[in-house]
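Across the two complexes that follow, chain A remains constant while its partner is chain B and subsequently chain C.
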Partner chain A sequence: MAEAVMGRKVIRGQKPPSRWAQFKATMGAWGFMGPATVLVLVFFFLPVVILFVISLTDLSSSNFSDPLTFVGLNNYVRLFRDRFFPKILGNTFFYVAVTLSCFNVGMALLLALLTTHINRRAGFFFRLIWLLPRITPSVIYILMWRRISHQPPFGLINQLLAPFGVEPQYWLFEQPWLFVILVNGFVGASFGLILFSSAIEAIPRDLITAAKVDGASTWQSIRDIVLPMIRWPLLFVTTYQTLSLLTSFEYILLLTEGGPGLYTTEVWALTAYKRALKTYFGHNQWGYGAAWGFVLVIIGIAMSIIYLRVFRFNELVQEPKIDVL
Partner chain B sequence: MKVELENLTKRWGNVVGADSMNLDVKDAEFVAFLGPSGCGKTTTLLMVAGIYKPTAGFIRFDGQVVNHVAPKDRNIGMVFQSYALYPHMNVFQNISYPLKLKKIPKDEMQKRAQRVADMMGIGHLMDRRPAQLSGGQQQRVALGRALVKEPQLLLFDEPLSNLDARLRLSMRSEIKRLQMGLGITSVYVTHDQVEAMTMADRVAVMKDGKLQAYSTPDELYDRPRTLFIAGFVGNPPMNFLEMEVVRENGDYHARREGFDVVIPSDRGEKAAGKGNVILGIRPEDITISDEGTPAEVFIVESLGRDDLINMHIGEASIHVLADPVLGLKMGQNVRLDFNTHKVQFFDPTTEKSLLWA
Partner chain C sequence: MKRWTPIMALFVVVALILTACPSPTPEVKVVKETVIVEKEVVKEVQVGQPIHIVARCKAAPPHEEGRCNNLVSAVGAANAALAEKGDDRRIELEIIQDNADWGDYKTEFELASDAGQAPDIVCSGHEHIGDWGPAGYLVDVTAMLGDYTEFDDVIDALWASTEWNGKRWGVPQDAEARPMFYNKTLLAELGWSDADIESLPDRIMSGEFTWEDMFDTAEEAVKAGVVKEGNGWWHRPKNGGDFLYYYYTAGGEIVGDGDALIFDKAAALKVYEKLYAAVDRGILSDTRLDGDWTGWHTGITDGDVLFAFGGSWNWAEWFSNYVADRGGQDYLWEHFGFAAIPGMANGTGKPTTLTHPLIYMISSASEHPDLALLLISKASVKELNTDYAIASGHLGILKSQAEYGPYMSAKFLTQVLPLLDVTTFLPNSPHWSAWSNGYYEGIQAAESGFSAEDALDLAVDYLQNELGENVVIR
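Let's turn to the complex of A and B:
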């Protein structure tokens, strides 16, 4: 029996696969990849194309019943000439960089390390608490933050700090960025927290024991063993969260609407939304908004490529565990 | 370094990992912890390493209590069943990691790691990752990493369990040779009694978290103090037969239905007149001969060099080692000669030896 099987293998190895076999293999691959490919095409690629087409027109709520007029790259020229373009771009990078490093990765990693180094049950409970902001409806969550940072005589912070002689103030107005970042960070941290802590818990106990016996302090064992071994989730969360922060705006919209004042906390995605779908006089500039949206897509794709290069994702991808014929 | 355990206990709620262990390891001694799965060998070892905090009792290194000394300050080397090599580091980085933590200068680190690697025969594999090594090579790296900082105590937790039988044999003698050469005090956890008996100066037999016996391999084998040790040590295991020992005309007879053997008086007198006792005899101390106790062959198992034969004597069943040349067959009637100088006697209620109490 064993010989027969081996014999077949040898024959297979010698003869190049027939055209029919090759065809079958190709079709098999497409069969498996097909549904996902269709989804990406229909729900990402196609909308991006439509977005681009719209961005080349002057489509708006005042002319949508007329035939489309193409205006070339006018919308893009207008965008880059916008007085607040540098401000919004700077805001966006500041918002993404600070939220990402302090919360979505930094805080998540810190909490993951903490909750995996204490009593198991306490750690689990702690992680559960950190999930609460994520499962709270956005409007309620933001309402809560607005109450916390409200102007005097209201505001939880004012009430709490009053006994210490701190002057009551409208915290959200005084420190809008602080709250924008806190609000997003508290939600964002839980994603990394879950991924990091499961990755840390998957590290074999013996490795940590070995490191301790080898002479490592807790900090050294984290630096030399734990962090290198969770490199993959770290890079994944960084990349994924960068992209989702770039495109997220709903909390900022609900919290500050990009203010206070002119464009203080306005980020790119929020501008795109406002231009396209929400202008004060009910004048929705779909074409112009689409141009903002399309530039954001380009920024996102550029960031992905940079991450792929810098982090060398190819090297992180392991060889397939199953050999396919 | 000398190691002493005093009433060492580890509990997690109701679960008992180790229960009042008392034991000492002399300087440069090689001690094996032997016992069935779940008896607390790893727990005890990890307390010695400082990974687990004892619930009660003391651990002393050279007379100093080290209960609260962190693992990194205990100067020990440890080898694991899983090898526990750092997967993201190559062989050199793995071996030199303990030195790096000690802030040893680079060139000396290089030299020492290379020396240890050469000693282990893996000097040419320095820039491979653990995943690119065979199990045996990985085990050598693990051993090298444990040795490189010249520890005062080596701890082994079933280091050879994942290796094939031949490699296990050669690694066994290699570890023993290394340990003797370097003179490092060692504690070696295993559930393989051949490993324990061949490598260790003294063997600590454990069961349910308790120390059952602690003595040299020969003594464990020839003078077992409890029924558990008699049955646990030795392969194939000792036969046990319930019987009565009586004195008749100056001779001591061990008797049961279909069985009557004269026992030398030094052993017989300790079992005589005690009612029912348990007689223990090893399969290799029973031979098939022309005269003696009649028995019937029941099952013949070939072990290669010997046949292990299950025989019936009346109601009782015993195992005997026999020469395959005899060609014994099921149902055949034979006679057995017992080497009565090797018999053991145990009290059936206390399970203690009547000979070596």
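Let's turn to the complex of A and C:
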């Protein structure tokens, strides 16, 4: 019988490893962990610290060359006093929830199930097609959507619907959210599609075959075998795509700039970007923009913790109940 | 441990190889992925010590490229002047010219300045002096201007746009006017006689035809089916300096005695009421602020719009890029006219326009500000500036151009010139950008269906939140 203790195995009846061997094992573990730890610290942790420090200053384009002036939590007070703060927050949750559920997870899962239940070559082909939006340069992709939904007399939709007597409209501005979600969703779905497809393909065929022999329908095999077996990729895609959507704004910036009108499709990350880096006359408020960015980091961390609890992450990564020597 | 040794060794070797790789020296400077950047280095036969000068310009191709190209053309004259003085230095000029957004362009110069890599010369909007002067990014050229006789020819009124804190921080590069364009063909369809159409600029200048009259005419055109709903009057499709003259003609002031900017609620309310009414009456579309410049130019030049507030440079843009295949300038003269912006009868009642001179400024990081200014002086001559003005639809900056044949024979420039009698400027203030954003938020609100009072509340909220004691709300 064996037991795992802090990465070393102690087998009853054998001499415990020497201190030197333990030291070597520990150093070895750190050796492997080291590069990743340094990367995480430098590229993930440190930027958050810098972001927080900047958010406590009034750094802007008019005092860029002066020493930093700390203003305490003033930027956060301004942020929460902004009249459109609730609208922007609501927009953000709406955008993330709908895009995630309808496309990044929902559509991705549906497509993965469909493409793994048809001819293998055809399934591969359809997955390839769904990758096209992701590999198209953002500006080209958005230009295409703008031309599709453009105002009369232009716009592909208007041209296509004209023969049916549909009144030409500026579709993008009539249904801005629809287009924002479609544009992001078509790109986002491919990520989950690839991961879910490979996870489904990895499920031993025996299980599906046995279920079919026992009389299970396709839906029952999906519900009782496939979905439980791909819980891990589901957790990963849901968490990763939530965070990704929370911080993504480039397609919205290119498509609607947060409009039409006042903050109609403006999401949190776009506001942070506009405050910090994008005003017509170039008045960049890096301190204030950093405050918007830091609140987004907090929201992201909170969402991650919620997901880990909902999906019972600890159970997914618990040590195997059977240990093979 | 032995198993890891080769892995670690491989890691170290790869790291060393990567470190040893020389970083490529870019031949072309790429500012950002979607921006076209030109680089041109003018090298003459070197008889003295070559001095590398870098100039940065924002210019819409091809008609505005004279902004930096004129500096290129001036290199020979500048070097000749150096030779004449017995100075053995010789200018070698590199230009970086593209059509980046104003905000990006400004940020780029600020970041470059802080990194000590700013170009020697930057050609930018005069209002940026309000930010860059206090930040120490610019050379105060007040005392140096007297060394170059070419600057005596600059129109006196334009120097005001280069000033901040009582000093001059650059040299005017161009000037312009922002007129109201009107479609003659559509006015004729509406029943206007030729005499009515031709006299419109004069009637606006005399105050007889007001902003309110313009809206009434636009509404009449929509109702008569001469133009579609929303096409009676168009303003620019995104934020910009234009909206400030709405406020001016409504009676607003922006510059007071101190550093703080003024926000006159009564004037702003009049502007918001006008814009709300424009949408409500079907003159203006509630999606007009869609940011689509191409659609804006196309709509106007295709004859879909009755009145449009634009800029004199639009004329050059249109005949170069939009109606070149329909006869160019001849087509424009036949179908379009232009005039000052009509005064608001419930405001000042006076016609107006706005001039936004671009200024050649010298970076405080420049090691050779005297050479940079010498080059600017040789580019600020009537021959070069007139070529640029005619090509770009901008106004000249020199007194001598009023008697210079090629300039005076440019029909468009001479007809736009009288608008300068009623011109206004943006303020050179570090708070202008935030002020503009707050005011613009009210404009967006009014055109999105918020009442004028709500739009005003939003703007005031924004300004108080963003500017605090740097704005006086009154």
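Heads up, the rule we're going with is that the second predicted complex is superposed on the first by the 298 of 325 C-alpha atoms of A that agree within 3 Å, B and C clash if a C-alpha of one lies under 4 Å from a C-alpha of the other, contacts with A are read in each partner's own complex, and residues count from 1 in each chain.
The rule we apply is simple: a residue touches a chain if its C-beta (ideal position, glycine included) is under 8 Å from a C-beta of that chain, and two chains touch if they have at least 3 such contacts.
Just so it is clear, the model here is predicted, and its values are computed rather than measured.
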Comparing chain C with chain B, which touches more residues belonging to chain A?
C
Contact-wise, after the overlay, does A:Ala210 reach chain B, chain C, both or neither (first, second, both, neither)?
first
With both complexes superposed on chain A, which partner does A:Ser198 reach: first (chain B), second (chain C), both or neither?
neither
First, second, both or neither for A:Gln220, with chain B first and chain C second
first
Under the stated touch criterion, which partner chain does A:Lys278 make contact with: chain B (first), chain C (second), both, or neither?
second
Who does A:Met229 touch here: chain B (first), chain C (second), both, or neither?
first
One more residue to check, A:Thr247. First (chain B), second (chain C), both or neither?
neither
Just to be sure I read the superposition right, which of the two partners does A:Leu262 touch: chain B = first, chain C = second, or both, or neither?
second
Would you sort A:Gln175 into first (chain B), second (chain C), both or neither based on which partner it touches?
neither
Considering only the contact definition stated at the top, list the common interface residues of chain A for chain B and chain C.
none
Chain B-touching residues of chain A, taken from the complex the two chains share
204, 206-207, 209-217, 220, 224-225, 228-229, 231
Partner chain C, residues of chain A touching it in the complex:
24, 27-28, 31-32, 35, 61-66, 78, 81-83, 139, 146, 150-151, 154, 170, 173, 257, 259-262, 264, 277-285
Could you pull out which chain B residues touch chain A in their complex?
46, 49-51, 70-72, 74, 76-78, 80, 82, 84, 86-88, 97-98, 101-102, 145, 149, 155
Residues of chain C that touch chain A when the two form their complex:
1, 4, 8, 11, 34, 101-107, 110, 113-114, 125, 127-128, 131, 134-137, 238-240, 286-287, 289-292, 295, 430, 432-434, 436-437, 440-441, 444-445, 447-450, 458, 461-462, 465-466
